[in-house]
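The structure appears below as structure tokens.
Labels run A, B, C and D following the written order; every chain starts at residue 1.
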Amino acid sequence: MSTPILSARDLHACADTRPLLVDLDIDVLPGEITAAIGESGSGKTTLGLALQGESRPGIALTGAVELRGVQLLGLPATQRRAIRATAIGYLPQHPAAVLNPVRRVGSVLDELAAVRCATSQERAAAVAEALEAARLDSAPDLLRRYPHQLSGGQQQRIALAQVLLGRPEVLVLDEPATGLDSITKAETVETLTRMSSRGTAMVLLTHDLWLARRLADQVVVLQDGRIVERGPASRLLAAPSHAHTRNLLAAEPRLPTTPRDEPAGQTGAGLSARGLAKTARNGTRLLDGIDLDVPPGRCIAVAGRSGAGKTTLARCLAGLTRPDTGQVLLDGVPLATDIKRRGRSKRTRVQYVHQDARASFDEFRPVLAQVARTAQLACGLGREKARIEAASILESLGLSASQATRRPGALSGGQLQRAALARALLARPVALICDEITSGQDLINQAELLDLLAETVRTAAVGLVLISHDLPAVAAIADEIHVLEAGRCVEHSPTQVLLTEPRTTVARELVDSASGGDATTNSGLMGREGEH
Amino acid sequence: GGGGSSNGRLRVAFPTAGAKESLDPHTSSLFVDQARAKALFDTLVGYADDMSVVPRLAESWEPDATGTRWLIRLRDARFHDNRPVTADDVLYSYRRIADAATASPARRQFAAVDFAASRARSASELELVLQAPDFEFPSVWGAPATEIVPAGTTDFTAPVGSGPFRFSSFQPGRPAVFARFDGYWGGPPTPAELEFVPINEESARVAALMSGQVHYIHDVSANSAKLLQGDSRAQLLAASQGTMQAVALKIDRPPFNDPRLVRAVLSSVDRKALVDVALSGHGQLGNDLFGMGLKYYPQDLPQRGRDVDLARDLLRQAGAEGLQFELLTSAADPYFESAATLIAQQLGEAGMRVTPRMGPSETYFSDIKKNGVAAHTRTATLPLTTFMGQRMRGDAGSNNYTGYRSPEFDALFTRALSTVDQAGRARLLADAQRLARDTSGLVIWGFSDWNVAVSSAVTGVRPAPPNSLDWARFDRAALG
Amino acid sequence: MGLFVLRRLGAAALQLAAVAVAVFALTSILPGDTAVVVLGEHATDEQVTALREQLGLDRPLWERFLDWLGSVVHGDLGQSLLTGEAVSDEIARGFATTALLTLLALAVVIPLAVAAGVTTGLRQGSLLDRVLNGVIVMLNSVPEFALALLLVALFALQLGWLPATAAGASGWSLATQPAVLVLPVGVLVSKQLCALARQVRIGVAEADNAEYAMHVRLHGLSEGKVVFRHVLPNALGPAVQQLARAVDGLLGGVVVVEAIFALPGMGSGFIGAVMARDLPSVQGYALVFAATTITLNLLADVTSRRLVPQREVVA
Amino acid sequence: MLGVPALVALVGPALAGPVRSVAGPLEPPGAEFPLGTDVLGRDVLALALSGGTSIVVLAGLSLLLSYLVGVPLALLVTSRHNRWADGFLLRVMDFVLALPGLLVLLVLAATGWRGVATLVVAIAVLQLPAVVRIVRSAALAPGCRAAVEAMMMQGEPWWRIHLGYVGRAVLGPVLVDAGNRLSLVLYLLASANFLGLGLAPSASDWAVLVERNKEALFLQPLTVLVPAALLVALCMGTNLLLDQSLARRNGAATA
């Protein structure tokens, strides 16, 4: 076998005295895909950074990391950067943060292409290739947008395209599929496989077993910073030997097959939307005549491909984006379309959990304090009481007190998502809108989290809107699924009906790609993108 | 730079007032206007350093016995367009000055002239008739803004005069260039060209002089004077007793309608300290009289000194211990502010509480005519009789800053003017001044030097007090 | 954006009108009037009254204002009370000098501020940062006149390299004597540099820590491109506003520099007009100043909006 | 750096001798007057010692005033609760900015508003629009972060969001601006004095001293340079101190 291009020995990461990574040895070979799987908070992101010789502030790295025989750890930052710049491509877990908010995505791509390509034709070709590989159509309109004008999945794919532009020898991909719907995900897998077969080494950091199964040659399983098991993907994922791995695999959801009983919500109560429409400044139709009812005690799922308008709809409901026409009603009474014009008590009635959970936290204050603040404001609890309340709900979501008292920067992606959910739950909302909250969770956490949500919906009579492109996950608790396509609701039916007899192509594709897995890749759907 | 010297262009720097400037000699009140007028025009007489008159366009003159009818003979001089200067030109000029529509600063001085009776006897002989006797009348002919212009002139954009330089170019607030007038009655001037360069900031003028950008600078502060004295590139020309520095106490209103309080102020001012500090020693002690060193100035009076005890006594007598008033001052004159601070301190030592108050400089002198009870003021060199007639006489109106109204003074002054005998006149004028010194409310604490400077290459310019003939006179200047 | 600009232009017209009224009112509150100033120290009351009548100063204030407004609406700023010259001509003359100084100063100060801000911002806390910052702050806090005089003393009087003053030159013709402009521009730059450079610095320091900067750096983008294309655009918000203030200050006339170097610009022109209570001129200057201020604010705001495109979402 | 002027401003007045005219003007440094005398014959050392308090207090007050009003105002305007009112407020600010400050000060002087308090308020008001604009431009980006939306949904009152969260994000530009504005205000205070506003021309205030002794720059440099150096030290000290605290804050944030 060839020599490893990137290898880590005795890798140790410590925050204060707490170990985040313990005695890690990893070799990354050219043309091989190594997947590190593990539950949320197990140290995947920390590992990904460490393999580049980096660490988040407050974390100390020891051990050795060699890139093509050059020792990365211990080098001064500028030198280290220079060495790894051309060799390693890194797709971080929160791609939104790496996109420059004031630059059009196309011009940045062009600029990055210029690092390697001299002429403008070469550049254009390289950009087109990268976009193609990242499954983004190179529509000129898309390239002229600013990052905030892209959907979460589009941002992720732009970031991926940036990474691919560099034609690195090693790719470190941290949760590359969180923002992608199952169709796009399958297509992306295709690209990555092709790249790896051309000799690119990859490190895949993910909790997504499906992804690992489809992509990885080697798998390491992380638990609390330790490698508990490692081996070839085919063997390990099929027949795990370690208990932890078995747990992880067992939690994988399947589309439910039994129908669920329909609790009848009172009509007119809860959150509802009538005729929501929104057109972007540049003329793109983002939403088009959406009607939605979220009665208390019911869970409505909104599915659709990346860029279909799910987040836009959610933001309109929450009053964060002002629709051009249409109304949002709460218990039959119109709500102001701008949250600033909603009274304080009304604001807390509708809660929205951002797709990018990290961005929704104040980076300077401990997470616990921020979560507790909701309890204080919404329920009028005293400071101490609020803290206790917040700590307990965080605990139930799997966040220990010691984790919660840290600042957002020192939590993992999944942990932040859960904290954001906790914050929204504490407000005791009438309607709760969750935007892709399962995307950052490992399967164990995801199941727990969905249980908790289902529980809340039932006991606290909350109307829940679950936005996700992960049909298996939401199907578990959703009563009804709306399928969005290019800003329009193309189909909505009870969960079971939709899963079994999808009427539209989008719905069918979504169901197919989610249930079978293999079907999509072979079904010749490649190269398609949610049409907008 | 100093390239001007090679082609004989003398560059002189004056502060300007921007668009306010004009070449109309009869409306000019700024120094720069006066200096330009002096270059372009001429007056009947000029003032020597002591403000006695010396003949210019007027070759000679004589009054009749009553002092109301004056016969003036003109010399043979020509305007730039080669016309001779005639009695008609003079009459036209004086009529124009006396006309209210012209708004000339010299108008009041011609108020007593009976133009209906005055006439040109011949081209070179002129008879001016006065309504009241005035044996000091010739000093009016040399006052600023009394230049002779060709009869009929109304437009001064490219004026014609009889002065040593002829007009070349000018725009208000910008440089003015004049060329040598070879037909000048006093002989052709030395510089081929004369350029007036506007530089308002004093430090900029000094720097321009030292770096050779200009050859003459007008108005140098005491501190810069010190600096220039030690520099080989420039030469300081200081005319002592240039400008009277005084505080005007309004004696027509409380508190200074009580003469004891006026005397209290007079005796608590430390004139020596003021001259030393406020004028940096570049000046003379004042003796509460205008015109030190000028003709008719009573030299024999003892110097008034400081007597704080007396001041306290007077205050007590007047029941005004802790007397409180505001002393108006402004940046209109560079010495006012320092002086105000010092005077406030000195009067404080005698038990008065004085607050200096800054006023806007442009309207300062009109503001203090009506407002306040005490204000800094100054007066450039003038013939003594002009000063007494226009600033102290009861009919002087608002120009009498202190509100001094004394029939006794007026009578003495009028008698003096109608006295033929020079010595008798001097005696009467001295009496009038002595009277005013104690009661007029003017605290004349000093006389500041009048400083100009020339580059060391320049010769033919001498120190002279403002308004005198030799002040800002460039026809004899030579670039070495 | 277009609508935004249109709305702002409408507001600008109102603002200009408000400034005109306010300046008119303020100037007439000032004691004294043109007649007093023109006639000088020893004028008599009757002279003043006569001149006042002649200049029309005896008419009621509102009548004069309406007259003035009428002519402004027709594009005429009126005539100076002092000289009878058209106010627009007078302003145009000062404007030439001021504009020249402004352009030169900006041509120096903008690149310098960006360079200094970037250099120090990227190395926050280093020795270089501290030294450079110290110098920049010092240049700013040294009294302007002292700096100017010391420069003149050294470069003009001692070394003789540069002319001490403009001595009579003014307007665009100054461009033919570049040496004259070196020192004044130097002083102006030293005054304006601090605020700009330091705003750039803090912006760069904060934006340089952002992930997107690090990210493109890791893509092998040259440091120059990273800084100028990625860090700076995010760092410039406050600096742009500061730049607007700087240009505003420069165009509004730089009184001390104009005085010390004998450069007759708008600053001295305006002060002269105020001192002379020359209402039409004061109004003219005030209008021009207000118009530049408002235009600059508009430009700065448009730029600010461009620098924060994500604001669109909230709007 | 800040220590020297701060110390002088604090304890100087206690140590200073009389600040009256006691000798000839512009005497060079000597045994009696270690730093010489100024144009009014006052002891420069005594002046320098006693002249810090007023300038520090006055400049501090007017700066404080303008930021205390300006920062919340700007943040309020950025939060855009009421677009019409905010737009109006901004246009009013622009109007104040467009007013010639000189004219305002002159009118104050002419109408008898000569007090120090008036001056402090006037200067603060004249600085206000610029402060508002800077803060607003700095607050634009942080004001539309997801964190702000989250807080809004939490039911945080707007002032807590904007003063707390956004305020923190704009601290950098604001402190930089304040440091810069300090020197502006220092000299503005002194030049207002020449219009007859605020401090007396005879005040021993550092900035007034510098203006007052302008002419003596080359004759007795110490009269200008000593107070000027104290002012420069004050400005540099303040600015560098602000820099340090900002750097420390940033360090703390990333750590």
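Please note the rule applied: a contact is a pair of C-beta atoms (placed from the backbone, for glycine too) under 8 Å apart; a residue touches a chain by one contact, two chains touch by 3 or more.
This structure is a prediction, so every number in the text was calculated from the model and none was measured.
Peer 1: Across all chain pairs, which one has the most C-beta contacts?
Peer 2: Ranked by contacting C-beta pairs, first place goes to C-D.
Peer 1: Express in whole angstrom the distance between the two chain centres, defined as the mean CA positions of subunit A and subunit C.
Peer 2: Comparing mean C-alpha positions, subunit C is 50 Å from subunit A.
Peer 1: Roughly how many whole angstrom separate the Cα centroids of subunit C and subunit D?
Peer 2: Taking the average C-alpha coordinate of subunit C and of subunit D, the gap between them is 20 Å.
Peer 1: How many angstrom lie between the centres of subunit B and subunit C, each centre taken as the mean Cα position?
Peer 2: The answer is 39 Å.
Peer 1: Give, as an integer number of Å, the spacing between the C-alpha centres of subunit B and subunit A.
Peer 2: Taking the average C-alpha coordinate of subunit A and of subunit B, the gap between them is 89 Å.
Peer 1: Counting only residues that touch at least two other chains, what does the list for subunit B look like?
Peer 2: Subunit B, residues with two or more chain partners: 203, 360.
Peer 1: Send over the residues of subunit C in touch with two or more other chains.
Peer 2: Within subunit C, residues 30-31, 145, 149, 153, 234, 307-308, 310, 313 contact more than one other chain.
Peer 1: Where in subunit A do residues touch two or more other chains at once?
Peer 2: In subunit A, the residues touching two or more other chains are 101, 320.
Peer 1: Once the touch criterion is applied, which pairs of chains come out as touching?
Peer 2: Here the touching chain pairs work out to A-C, A-D, B-C, B-D, C-D.
Peer 1: So in the complex, the part of subunit B that touches subunit C is made up of which residues?
Peer 2: Interface residues on subunit B, with respect to subunit C: 1, 11, 13, 17-20, 22, 29-30, 100-101, 103, 105, 107-108, 172-175, 195, 197-201, 203-204, 207-208, 210-211, 213-214, 360-363, 365-367, 390, 397-399.
Peer 1: Along subunit D, where are the residues that touch subunit A in the complex?
Peer 2: By the definition above, subunit D touches subunit A via 79-81, 141, 145-147, 149-158, 165, 168, 253-255.
Peer 1: How about subunit B: which of its residues touch subunit D in the complex?
Peer 2: Checking each residue of subunit B against subunit D gives 202-203, 221, 223-224, 226-227, 273, 276-278, 280-281, 329-331, 337-338, 340-342, 344-345, 355-360.
Peer 1: Going by the contact rule at the top, pick out the subunit C residues touching subunit D in the complex.
Peer 2: 11, 14-16, 18-19, 22-23, 26-27, 29-31, 124-125, 130, 133-134, 137-138, 140-146, 149-150, 153, 194-195, 198-199, 201-203, 205-206, 209, 234, 237-238, 240-242, 244-245, 248, 252, 270-271, 274, 282, 285-286, 289-290, 293-294, 297, 300, 304-305, 307-308, 310-311, 313-314
Peer 1: For the complex, give me every residue of subunit A touching subunit D.
Peer 2: Answer in residue numbers: 57-58, 101, 318, 320, 339-340, 344-345, 347-348, 350-352, 354, 356, 359-364, 373-374, 377-378, 409, 420, 423-424, 427.
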